[in-house]
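The data blocks that follow each hold one structure.
Paired with chain B in one complex and with chain C in the other, chain A is shared by the two complexes that follow.
This part shows the complex of A and B:
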């Protein structure tokens, strides 16, 4: 419990640092929000007035503090460009990204574990070699290209979905799922390849360990050794990878959003950066950081549940 | 009932994991009587551990070939099907290994691991019965507070304690044969003696035959009635403990005996 509390405090401090750095970065980099909102042919008087109105003349720390307090309250500010609350903008797109990440994650976990185990079990045989080669290909093909291939095959040749015909989840949930399944597969494929490779390797490594011999000496058959002994230990590195992958899937699907024409967080981020719509950029970046940190936090907790040695090590370090 | 528990005839073991096959155990013959403690000594690479693993059925099958006969309790083990072998492993033959630090699964509780053979070989038992037997077994290897140890993880125990746990787990089905493959090598000297005494007591009380493999002659001398000396894959000498120590027939045995560090009075 103490461990969890400590982790929570660390998490908050990290978030605070990130928000500060983000705010600072946008203050330092050249470019003026007032100027980009008004256009270049504005009179200096008008510009000064707008700057005053936007609060850009106040000292940095004061602005940051204001922003932070509002941010914690859930008020992320108003978009310079669209003149709507940033929280509204993000909240309307967030479900799409969360759905996409969760689905891709589930596909990845459900597919990679059986394949990884199967491949490790048949190490060196033809089927294992085939899986390794397929894995290499999947890993080296970028997911946007995979997205293009999927669009071509399933969209244009097989006509299972309409490319670019994104259906919103609140209008047609069935159509939404049918449309989203393909980008999710595109995101999941390289990650499946990575987890299969990692799980296969760690299964083979664990299978050579002494405790496995002990397990056999008690009369266990191969599958009992695998499921009761090897798998749990072999999953440890995979869990770490999955934690990073989940965070990555939540926020890193910008390219896939473009390929499949999905209005998500990634698109907001791209447009707001080009319009110097700082309140939006800042909110999205802090949100991304938040997702990454929370996911890592969850992975740490899960890790501890799976591997009893973790707490012990933490405690010894503290002494 | 036959008083011979284990009869090994012309055992040969060959490795095929390199280009040239490697003949590592050559025409080994040995007999282990019921209730006996037999020691196998020899330096590393002498084939003693491989012989033991062959008896326990723990050799890999794809790149090792074996030849000869291992007759355990009237059953031939070398040619036996894996499923037949598994009925014996953990039930009639228990094994403890050299490395207590790594021989237990780090992510499973001690109790679960000690009980494992029961779950496999005594499926009729319920949870409470298994718990009772596991705690009893932990107690019989002289672990304090066995109920507490039951719920612990391997990393929370010392090496000596873990080796006791290994013994408790190997003994839980009351096997006819306990194979101890260098069980004390990784432990410090005082713990070594405790483990040897524990094995002696288990042998006396449960009538378990023990095959004790070690390169440490002084330990073997204390524990075993009969000793087999192996060198380069062959049995070079065999006999009663005292006989081998007082009158070794082979140069190699004499060298091994000379290698035992002696406590001599310092000259003042």
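This part shows the complex of A and C:
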């Protein structure tokens, strides 16, 4: 419990730091926010009025506190370019990205665990060698290139889906799922390779330990030892990797969106970057960072549930 | 015995791929079979042949020449990124790990915060504030990579600073600076070298991703990433363009990751 509390406090501080740093960066560097909202050809009186209205004359800390409170409430400010609330722009698109990341994550977990175990079980045989080589290659393929390859093979050659023909969920749920499965696979594939490699390695390492020999000597058969003893310990490093992976997949979905022409949060982010629409960029980045940090927190907690030794180890390590 | 053999095999294959890629990159700096920007309307979408090794793109530009140039750009950007990350990371990690104390606490907390942030996002913040372009990509990614190197180096320094040889060097009157750079740093090299290679790969992938999104290298400069985004538009008429360009990224990354693997275990 003390561990959970400590982690929770650390997480909150990290969240606060990140939001502060991002706000600070976007406050200082771009120059006058009122000027960038209005454009350069504006009368000084109008500029002064807008600055007052935007609250730019108040001290920085006050503005930051206001922004943070509004942010927690779900009000991310007004877009400079489109003049609509940022939350409206983002919140309608965010589910697409979250869904992509979560689906890719599920695919990864479902595929990599059996393959990793299988590979470790058949260590040194032909099939294991093949899996290792395939893994090594897969890990080197950037996910957006994987997306392009998938578009070419499944879209243009096999014609299973129409490239660029995204349909929204409300219009055609079947078509939506069929279309979305490909980008999700593109995101998942490199991560599958990574976790198979890690799981295989840690399974083999665990299998060589004394407690496994003891378990065998007590009359357990291979699969019993594997599933009851080895796997539980072998999964620990994999869980850590998965925690970081979910964050990567969130970010990856932003890139993959462009490959498959999916209207998601990434397109908003890219157009806002090119139009210097700072409230939008700020909101998207802080939001993704929040998702990432909260995920990491959850991973830490799950980790501790799986292996209570961690609490002690980490505490001694920190000293 | 058998496992030993396999690791060195990794190392050898990695070495071969990396050498070939480095040769192509260096070749690209001095010589390309065609001018990579010269358009030849008669060769539009030409298929791979002896004249055009990888065929031609939508403007009839030789893809092989363009890939050579693009690879050079990608390589230089990734290298510069890693240099920024490693030099700053080593300095921060060495000082904080060696001396410890409150400075260590503060720097590592800041590091934790930056580390919790996906590096591409950090780069995006940077790009949106300072604009796109080659140099900004290098700076953005370089800064984003500092924490991971600092972390590794710090861990190593904590391990070594309590060792007897360091203590006796200290007793013999060797200065802190000399201990850090002459006595401890060389010992961290094996760990550092393989993480440099992994970092290099991440830099290649991150740069390619950013240029693919159009927020990295800007035309007329080309990198493998920006070429891929261009090639995607002609996927139907000239699939070779995308495939060859992507293949180069894969080979570049594969070579270094095999090397890193081989070094770590061998």
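Some notes on this structure:
Note that the second predicted complex is superposed on the first by the 279 of 319 C-alpha atoms of A that agree within 3 Å, B and C clash if a C-alpha of one lies under 4 Å from a C-alpha of the other, contacts with A are read in each partner's own complex, and residues count from 1 in each chain.
Operating definition for what follows: contacts are C-beta pairs under 8 Å (C-beta built on N, C-alpha and C of every residue); 3 or more make two chains touch, one makes a residue touch a chain.
Worth saying up front: this structure is predicted, and the values here are computed from it rather than measured.
Of the two partner chains, chain B is the only one that A:216 touches; chain C does not reach it. When the two complexes are superposed, the chain touching more residues of chain A, out of chain B and chain C, is C.
Once chain A of one complex is fitted onto chain A of the other, the partner contacts of A:258 are limited to chain C, with no touch recorded for chain B. Using the contact criterion defined above for the overlaid structures, shared-chain residue A:232 touches chain B, although it does not reach chain C. Contact with neither chain B nor chain C is seen for A:304 once the two complexes are overlaid on the shared chain. In the superposition on chain A, A:292 contacts chain C only, with no contact to chain B. Look at A:145: by the touch rule set out above, it reaches chain C but stays clear of chain B. In the overlay built on the shared chain, the residue A:271 is in contact with neither chain B nor chain C.
On the side of chain B, the complex with chain A involves touching residues 56, 58, 82-83, 86-91, 93-95, 97, 99, 102-108, 113, 116-117, 120-121, 153, 155-156, 166, 169-170. Of all residues in chain A, those touching chain B in their complex are 209-211, 213-221, 224, 228-229, 232-233, 306-309, 312.
Interface residues of chain A facing chain C in the complex, by the touch rule stated above, are 14, 17-18, 21-22, 25-26, 29-30, 124, 136-137, 139-142, 144-145, 148-149, 151-152, 156, 163, 247-248, 250-251, 255, 258-259, 266, 269-270, 272-274, 276, 278, 281, 285, 288-289, 292-293, 296. Looking at the complex, you find that chain C touches chain A at residues 2, 112-113, 116-118, 120-121, 124-125, 127-130, 201, 205, 208-209, 212-215, 228-229, 231-232, 235-236, 239, 242-243, 246, 249-251, 253-254, 257-258.
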